[in-house]
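This is the structure I have questions about; it appears just below.
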Amino acid sequence: MSARFEFRGLVAGYGGTTILRGIAGAVAAGEVLFVLGRNGVGKSTLMKALMGFLPCREGAVRLDGREIGGLAPPERRRAGITYCPQERAVFDELSVADNLFLTAPPGAAARLAPLAERFPILARRREQRAGTLSGGEKKILSFVRGAIEDHSLVLLDEPTEGVQAENIERMEAVVREQCAAGTAFVVVEQNLAMAERLADRWLVLDKGQVVAEGSGRPERAAIIAHIQV
Amino acid sequence: MDPLVTTQFLNIAFGIATLAVLALGLAIVFGLLGVLNIAHGELVMAGAYAAWIVQSAGLPYALAVPLAMLACGLLGWLIEAGLIRPLYARPFDTLLATWGLSLLLRKTAEAIWGLGYKSVALPLPGTVDVLGAAYPRYRLMLIVLCLAGVAALAAWFAKSGAGTRIKAMVANPDLAQAVGIRTGRLARNAFVAGCALAGLGGVMVAPLTPVHPFMGIDYILESFFVLVVGGLGSVAGLVAGAGIIGGLGSLVSAVADRTAGYTAVLVIAILFLWLRPRGLLARA
Amino acid sequence: MQKRSVTRRGFVAGGAAILAAPVVLRHARAADPFKIGLFYAASGPAALFGPTQKASAELAVEQINKNGGILGRQVQLLLADAGGPPAESTKTAVRLMVQEKCDLFVGSHDSATREALVGTIKARVPYIYTPIYEGGECAPNTYVLADTPEQQVRPSIDLLTKEKKVKNVYLIGNDYVWPRKTNDRVKQYLTAGGGKVIGEEYVPLGAPNKFEEAVTRIKGAKPDAVVITLVGADNVNFNRTFAGFGLDKEMLRASMLLEENTLLGIGAENSKQLYNCMSYFSSVPGAAHDAFKAAYKAKFGEKAPQLSIIGVDCFAGVYCAKALVEKAKGTKAADLMAASEGLTFSTATGPVTMKNRHPDKPMYLAECEGTNFKIIKTFDNVGSGEACKQA
């Protein structure tokens, strides 16, 4: 596989504690990599490290063969990475429209049009403060904001938390379309069903390390064995 | 209306308008960076000296505006790089560092210009008739310019992309970075702008007061009260704070005397610190 | 000592000792200077005056030492900062008395510090207080050269009521003892001269004061004159605001503490119809003052600190110390107090004579001309109005 995005030997943590203890993974253009595991094993920390919020003590991060481990988050965004965080996913004080177009590149409005049809809530609430949305609606807003950015890699951290089933299906459809256009995805998700439907690769984390990995759709039983205590 | 009452109303407007601009730089820096720049008053002082230099050189007074803003902005750029950024997210250390800086700036001014008072002549002398009251031309101009300036800033902050990015940075700095906002650069620009505005404030007040190395202390105190009362992070809060502190001070001084006016300001500031420490219009 | 026959050797040694004695004594004197502790504004709100205070005292010390010092002892100046809180100054005074065996204090500072120092020194060391003050200091072994309200106010009010035909007067000052005591005297002389006070207000000392409201009130009260007992930056601010509102053309102003630095701050365009009566201006005429100014300039050069009443008072303070100690032939309190009556000593503008431990002095009435003081009238030998009993 020629990797769109790969990371190797990542060691990172907060202050004196180490959370990630040598993690490696890779995803090719048009593929979806799922990062699975129980709560508190370092999945969100990995996403923060990949976006540059957390400096890595060791390891390498490459995007299209270019080492980006030293770049700050805004520079990673410019390098083509989109990040939709698990928590505080939108700007509560800003309107829905401002959330979408704050730093949107040219052409974002055109890319939004089909998405706005899929998620009509955004158009209805366009001028409202994002803080008034429900948790699931904020997730949709965050996802769509990411989807209209120009990117070669999208990092989604728990994108479906609190989102209704029909909207999860619509999100999956968007992921598939963008994969077809060559974008790579790294997704952290509790929702195993989504992984079963979308994953091209997967890895399971435990205690800051990769304890299982594979390609293709993951076997539910194999995953659950790792996820259960 | 009795011309004297008109004059006192204009005095109140003058107190509010000038205080809003003097506190503006401090509010921007505190609101956006979480840094209470104790040296703000000394930057006002630097701006006032710039005005004095321009006038002493026989140049038109308006030239002092860009010169002071440039000089104070440059100073702000150096302070941000040397003092603020290395102490990022350590508010108490920043407080101490900027306090030390204020002493240094005062002593530097003393070493260059001495402790003596410098006099800056009014660029616009004389009075003008306002509803039967003869009001000083320069003060009237300041009222108009300050109110227009603050209104323009409020509009810019509400409507412009840059204003929205600033709001985003303050509300959710991590997400702001994730969507590509270079918050470090934005914070530096905000600090530089705050310092340049302090310089503008100095040019504004220079013809009204004696220019000397210790003049900054008066301005940091009142500006700080404005933040205490108004709360952080909105132009409305700034205007409310300046309105209450400047307006109350002027109003009580007009009705009673300056001692009562100053006492009222202190009491209000203490009450706010005690009962409403986030201020009147703080962001949620 | 043991009785011993005078040997030749002993004789020689004794003779040598006798011959050497004056040398030894002179050494003892040189190692034992006359120490004057100078309390001045090295820091704090009055620090503006510090350089002049220090320079003036140093000039006096240099001149006195060239002429044999005080009672043959060279004068040594010990500098003490009186710019902080009074408690700091009293600590310094104790250290100077105990460790340095200071012979005399000269102080140029505010009254709060003076009162604290008087209470600490307790007359053990003579203390000469020099600037401008509200009167009433009669503590033993304390000598006050400062201008008193009697000396300042009478000439000012005479000018207003007699020459300028002023009837209604507005008073504005900082809120502390000197302006209030001075204004008591203003009211007394104003009533005697047929005028009256139609408004009186005080602003806090050390607060960030603005004067738009007070000036508007004065405008409404329409007095013929305003008597100002504001100090420092407040005095500058008020006068600039006053002129900014155009009142400088409509009424007179008499300030009670307006020296060269303050007038520079007020600015040439704001000093119309502004009068002032004090015992010192750098423009006072006379041979003694010319000589003082020449010596000051020679010692400190073109960039010498600005001469002003707060500053040159320290020159008089040091000269007063010399005259007092030499007349009393020592530093015993009772002798000094007796010697002070009728004592004549030099000041920057010429000799003055002390009565009741306050000198009678010439007072100068000045009118501001731009940033200069034009002396329009001189009053010779104005009494202090203080009646300190001899202890």
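Order of writing sets the labels: A, B and C. Residues in every chain begin at 1.
We adopt the following convention: contacts are C-beta pairs under 8 Å (C-beta built on N, C-alpha and C of every residue); 3 or more make two chains touch, one makes a residue touch a chain.
Note that this is a predicted model, so its numbers are computed, not measured.
Participant: More C-beta contacts across B-C or across A-B?
Facilitator: B-C
Participant: Measuring centre to centre with C-alpha atoms, which chain is farthest from subunit A?
Facilitator: C
Participant: What chain is most central when centres are computed from CA atoms?
Facilitator: B
Participant: How many angstrom between the C-alpha centroids of subunit C and subunit A?
Facilitator: That pair's centroid distance is 78 Å.
Participant: Between subunit B and subunit C, what's the gap in Å when you average each chain's C-alpha atoms?
Facilitator: The separation of the two C-alpha centroids amounts to 39 Å.
Participant: Determine the centre-to-centre distance between subunit A and subunit B, using the mean Cα coordinates as centres, and give it in whole Å.
Facilitator: 43
Participant: Under the definition above, what is the set of subunit B residues touching subunit C in their complex?
Facilitator: Result: residues 4, 7-8, 11, 14-15, 115-122, 125-127, 134-136, 138-139, 208-210, 212, 214-215, 217-219, 221-222, 249-250, 253-254, 257-259, 261-262 of subunit B touch subunit C.
Participant: Report the residues of subunit B in contact with subunit A in the complex, numbered from low to high.
Facilitator: That would be residues 161, 164-165, 167-168, 171-172, 174-184, 283-284 of subunit B.
Participant: Which residues, counting only subunit A, touch subunit B once they are in their complex?
Facilitator: Those residues of subunit A that touch subunit B are 51, 53, 72-74, 77-78, 83, 85, 88-94, 98, 102-103, 145, 149.
Participant: Considering only the defined contacts, which subunit C positions touch subunit B in the complex?
Facilitator: Listed in rising order, the residues are 45, 47-48, 50-51, 175, 201-204, 207-214, 216-217, 219-220, 233, 236-237, 240-241, 244-246, 261-262, 264-270, 306, 371.
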